[in-house]
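Before anything else, here is the set of structures, which you'll find just below.
Look at the two complexes coming up: subunit A is in both, with subunit B in one and subunit C in the other.
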Partner chain A sequence: MRNLNLAALVASPEARLAVIAVVVFAVMSALSPDRFLSVQNLTSMAFQFPEFAILSLAMLLTMLTGGIDLSVVGIANLSAIVAALLLTAFAGPEATGGAAVLWLAVALLAALAVGAVAGLFNGVAIAVFGLPPILATLGSGLIFTGIAVALTGGSALMGFPGVVAFLGNGTVLGVPAPLILFALLAAGMAWLLGRTAFGLRVQMYGANPLAARFAAMDVTGLLIRVYLLSGMLGALAGMVVMSRANSAKADYGSSYLLLAVLIAVLGGVNPYGGYGRVIGVVLAVLTMQFLSSGLNMLGVSNFARELIWGGLLIFVMIVNTRLVYRPRAAAKPGPSA
Partner chain B sequence: MSSSHAMPLISIDGVTKTYAGITALDDVGLTIGAGEAVCLAGENGSGKSTLIKILAGVERPDRGRIGFAGVEQGPLNPRLSAAAGVMVIFQDFSLFPNLSVAENIAFSASLASHRRLFRRSPVRKLALATLNRVGVDLDPDAPVETLSVAHKQLVAICRALACDARLIIMDEPTTALTEREVRVLLDIIRRLKADGVAVLFVSHKLAEVLEVCEKVVVLRNGRKVIEGPAAEFDAASLTRHMTGRDVAETPPDPVPADAPVLLQVRNLTKAGAFEDVTFGLRAGEVLGISGLLGSGRTSLAKALFGLVLPDGGIMTVGDHSVPLGDPLAAARAGIGYVPEDRLTEGLFLMQSILRNVGVGRLDAHSSAGMLDFAALGRDATDWLRRLSVKAPDSAAPVRSLSGGNQQRVVLARWLARNPRLLVLNGPSVGVDVGSKADIHGIIRDLSRRGLGVIVISDDLPELLATCHRILVMKAGRITGEVAGRETTEADLAHRLAS
Partner chain C sequence: MRHVDFSRNETLVALVILAFCAAATLADPAFLSMPTLTDLLRGGIVLGIFAVAALLVLISGGIDVSFTAIAAVSMYSTAMALNTFAPGVPWGVAFALGMTIGAGLGCINAVFIAGFGLPTLIVTLGTLSMFRGFMLAFIGQKQITTLPSGMREFGRMMMIRGTNPDGSFYSLPLAFAFLVGAVVLTWVILHRTMLGRQVFAMGGSLESARRVGVNVKGAQFFVYIYVGALAGLAGVIHASMTRVANPFDLVGLELSVIAAVVLGGARLAGGYGTLTGTLLGVALIVLVRNSLIVFGIPSTWQSVAVGVLILIGTGLPAWQAKRAAARAA
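Our next item is the complex of A and B:
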């Protein structure tokens, strides 16, 4: 009986992940109870993770189709820089009240437009010209970063109206604004994947691209929309980063790419496409944030953390390959059956 | 048991195997003598594959005895089976496409010899000797990927012989072969038998190999239902024993004289695939297109659905011309396509049965982006019921279904879209005999309701049972047309192969 429960638990990646998240939280709390469980640490975590969590949603969407978007960080920075250029040119640090809010809205729309155009570029390269997503977005990410460097000369852009800080540092009824944004986006993504024809098509395409073509699915349009959405999510993440840093720069968040991929894979998303759930990504985000904060408190250096992330990515992929992607191996009857 | 040899090459007795509580083989016994050819017949899921795996040492039986040359064996493994000369030729042949014929033939034998360095001359010598033994003239230096399916099969046979095969087990040996190639295969089997090599044919399409076999064993639901001399069986009795019922195929009703023309194809051409193809199809008509492998029939089928872009030609459905090379436009014009390779082209294997049907109807059931799952589910369930798909749980992955039911899922997906014309490429490939007759019944029913159906197949009895007219393709051109009622299997086979 106990065996059966355990097997059922292991069979669902989300359930397994929930256990892991709780275990990591408990271990970190036990190792450093005063600091990890402090209100200050808990709120600081809630402000930190939405940045890369939004990128992970983009990763979930593209990986569901069996692709990947390695250009999200480039898109995030380029969008933030375009927004920052608008804000510094037309609003400046002294702008307040209605004018400042208006310019923030304009900047946000501009950032989303940049994200959409960049995503469209990826989508056309992948869906129309048939480039492999991993290479297409690797290349386009360099292009976007290059444009961002050219626009800024490589230095940080600063001097925004005070209202810009709200997006990354503000609270609504005590809840951090970026957390609210992420919650809305995650709920929206769950709705998109679970309740719409588009979402179902994305999963079906990821499960078998050839059969999708033979079933008269508009594969080209589907992929373009997927990468366009991914680009727009990247732009939103860029705006959160810009607001929290109160500046925009071409090389912010460079460690977020690996993190976003790791979270998606840890969250049970099948990198070959066809399976992935928002709840898994949310749990993976929490796990990674607990781990990251905990390691920080234990005095583990940033470089060591990258090594840990890389190692974890490979480890999770191996575990998932054995247990999840090939369910037949997991479904083997035990001796007690 | 009825074997004349005192010491049978292979003897199986009381073999039982269960998987997770399901009995795949139940107390099955079988003997094969040296130089004997045995037919092991059964529908999909009858336990044939399990028996092969047990003989090859891949699976271990729960109970039962296995003897090689009279010596009872302990637990088998693939090495032990291979050492005893039991060689399995699977449907995909498991060859190395980039290596030459000679290298493929000698590969396993040189592995077994534990030589660490590769030397060309002994490989060539062994390959030539084996090819000679079989009596086949193949270029030993040709890369295997350039060979036809039939020649690849010959290479696989030679590879088994090069390893001193005593028993060659052939899994579905004839499904990919045209009639002429089957005859070549049978000649080779006769030579092998004269050489003392035993052959076990495992298939659900065995009528063609009966003439070289001594014995027939039929499995149904894991049990041996009958065993006897091959001379006592014919295609009809084999089918009856495999399915446990009589499956009579009647020719289709005639097309009403006033049926309007549904599809017009004019001068459709694609360089290297098909040339100047012109034909028409009336509503309610079932048109067969047949030809040998490489005759261009599959390219033509794909072109009709826009999956292959022709160089030129015109296609009209009703009064509207259909843009070429665009599956979306073809689907909008009311054309549906059921592909040849169900597993890679037709189905989303890991996705649910319901989703596999519903994927064709997403637009009809969504408003403002929101999908009405309940309506989609009702729609799909309705079609699954109408095609009598046996699925206990439509939320289960489609891979859990049998071949026949999987094919019906693909059919249901298209029928739910209410098409005017269905292109069925190999509608019953890999489908068991009982389901095949059911699928033919579905085709007949569709034609009665006024759908145009194009059946592309090299299964001649299937074409005769379903089609009003049959077009014969040769080297990319349509070379003849026969009325389904006015021809026989032998006549059609002759037209294809001549």
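Our next item is the complex of A and C:
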């Protein structure tokens, strides 16, 4: 009985990841107990991870269909820059009260609209014109970044009303605002994937695109909606980054792209589509953040962290391939990805 | 005379290059000159070697994004090691060392891909960050401005040197010969050896290749080690030509290189790709990067132009294929 439970525990990648997350947390706590476990560190971690965690949710969604969205960071920066242009033009740093909140809402909506249009562009390129997602989003990412550079001349935009900082630096009842935003988005994504027909179709399409087509699924509409949502998530991440940095620039967060892909795969998402869970991504985000902050406290350089991230990714893949993908591939013979 | 096939990417890219050159010449008659040509060729050396490497991986059915990190690590450690232990050795030694380091790193990729059977994109994403992280954390972060004398000397060697009637200089570095060499060697391997047939077969269908008796693991080891060696070569050439070994250079180019290769007609799914197409793809990207300014388009719009190019270049054939499939169904 006990063995059975243990077998069930290691059978799911999420459970293994939970073990890894706890181990990393425990090791870091043991190595620098007074600093890693301090309230200050825990809150600073809660402020740091939501921005790339939101990008990872976008990666989860697109990877579920067997695609990928390499343009999320470009979309994030372009949306943030459009929002920043609106804010600096109509509500300078002096703006306060109702007017400032109103303009923040307008800027937020504008950013979401930019994200949606950019995502729609990706979706049409992929679903209607049949471009491979890697190339479509690589090309569109260059275009979005390029437009952002052209709009700003490459420099940072600054000078927003004070309320803007709330999105990235504020707290509600002591809980960081970006963490609340991420929790809402993660819960929303879990609902979308697990409780709606759309979520079911996304996973069916990812598991077998041909079967989905033969089942008379509206594949074009499905993919367009997936990339549209991904673009809007990118825009939200961009707003959080803008608020935390109190500025917007065309090349912010360029290292987040690799990080978002890494987190999704670490979270057990199958990059060839069909499998991935929000809880896995959340656990992967936490693991990365524990590792980052912990190593930072131990005085390990940023670059050694990159080395450890890459190593962790490959290690988790080895474990997952040995235990998960292989038995599944043996169970259903078919075209190997 | 052979029929010109307009559905092929090579034809399309060649036509776009011709149209671009014609338009650029109309906009500025000085465009059509030796300096433009040698600038174009010089700009294509490192990108071209990378592209040949990326093409081989794509044909074999994989994708490699770590080659830029391999190049950066090889370049930086070669310059560092020679400066420390043997600053006076000829450039051949630097090249051999760089290629050996590159091949070694490529071998690490191969162990994970062939040995553990992991997806190529994930492995190379991981090693990209591992190789770069290792170099920056443990080897160094400062750029090396005084290169070993051999590399400096190589950077000054030219194949062609000349002066225009208007007094401007042009020159083509000897490094270009290495691009030609890499292209020729890769062509011979792909089209004149059993190994090359096996690489194509693997990309077409891994399982079929295995069943007809291809040593899939062996061929994968060859592909990733060869690509690593080419990347090491490109890294050392890059440092010699720019006269500095900057550890932050090169990484970030990987997706543009893959885009150039796909622009030239190679399939991401594997099993198909040509060297002609690859070189045309590289030429187009370098041309747009170098010469957009001729049309009065400011350089801030450069990445937009490259993005549009990638979307159109890969979109047209993808759309044609989709329509053909719809007609057949």
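Basically, the second predicted complex is superposed on the first by the 321 of 337 C-alpha atoms of A that agree within 3 Å, B and C clash if a C-alpha of one lies under 4 Å from a C-alpha of the other, contacts with A are read in each partner's own complex, and residues count from 1 in each chain.
Definition applied: a contact is a pair of C-beta atoms (placed from the backbone, for glycine too) under 8 Å apart; a residue touches a chain by one contact, two chains touch by 3 or more.
Here the structure is a predicted model, which is why all the values come from computation and not from measurement.
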item	value
Which of subunit B and subunit C A:197 touches, first, second, both or neither	first
Contacts of A:146 with subunit B and subunit C, given as first, second, both or neither	second
Contacts of A:175 with subunit B and subunit C, given as first, second, both or neither	neither
Subunit B versus subunit C as contact partner of A:184, first or second or both or neither	neither
Subunit B versus subunit C as contact partner of A:99, first or second or both or neither	neither
Which partner, subunit B or subunit C, touches more subunit A residues	C
First (subunit B), second (subunit C), both or neither touched by A:317	second
Contacts of A:135 with subunit B and subunit C, given as first, second, both or neither	second
Footprint overlap on subunit A, where subunit B in one structure and subunit C in the other make contact	337
Subunit A-touching residues of subunit C, taken from the complex the two chains share	63, 112, 116-119, 121-123, 125-138, 141, 206-207, 255, 258-259, 262, 268, 298, 300-311, 314-315, 318-319, 321-322
Subunit A - residues contacting subunit C, complex	70, 125, 129-132, 134-136, 138-143, 145-147, 149-150, 153-154, 258, 261-262, 265, 271-272, 300-301, 303-311, 313-314, 317-318, 321, 336-337
Footprint of subunit A on subunit B - complex, ascending	20-21, 307, 327-328, 330-331, 337, 339, 344-351, 355, 358-360, 362-363, 365-366, 369-371, 373, 413
In the complex with subunit B, residue positions of subunit A that touch it	195-201, 203-204, 207-208, 210-218, 274-275, 333, 337
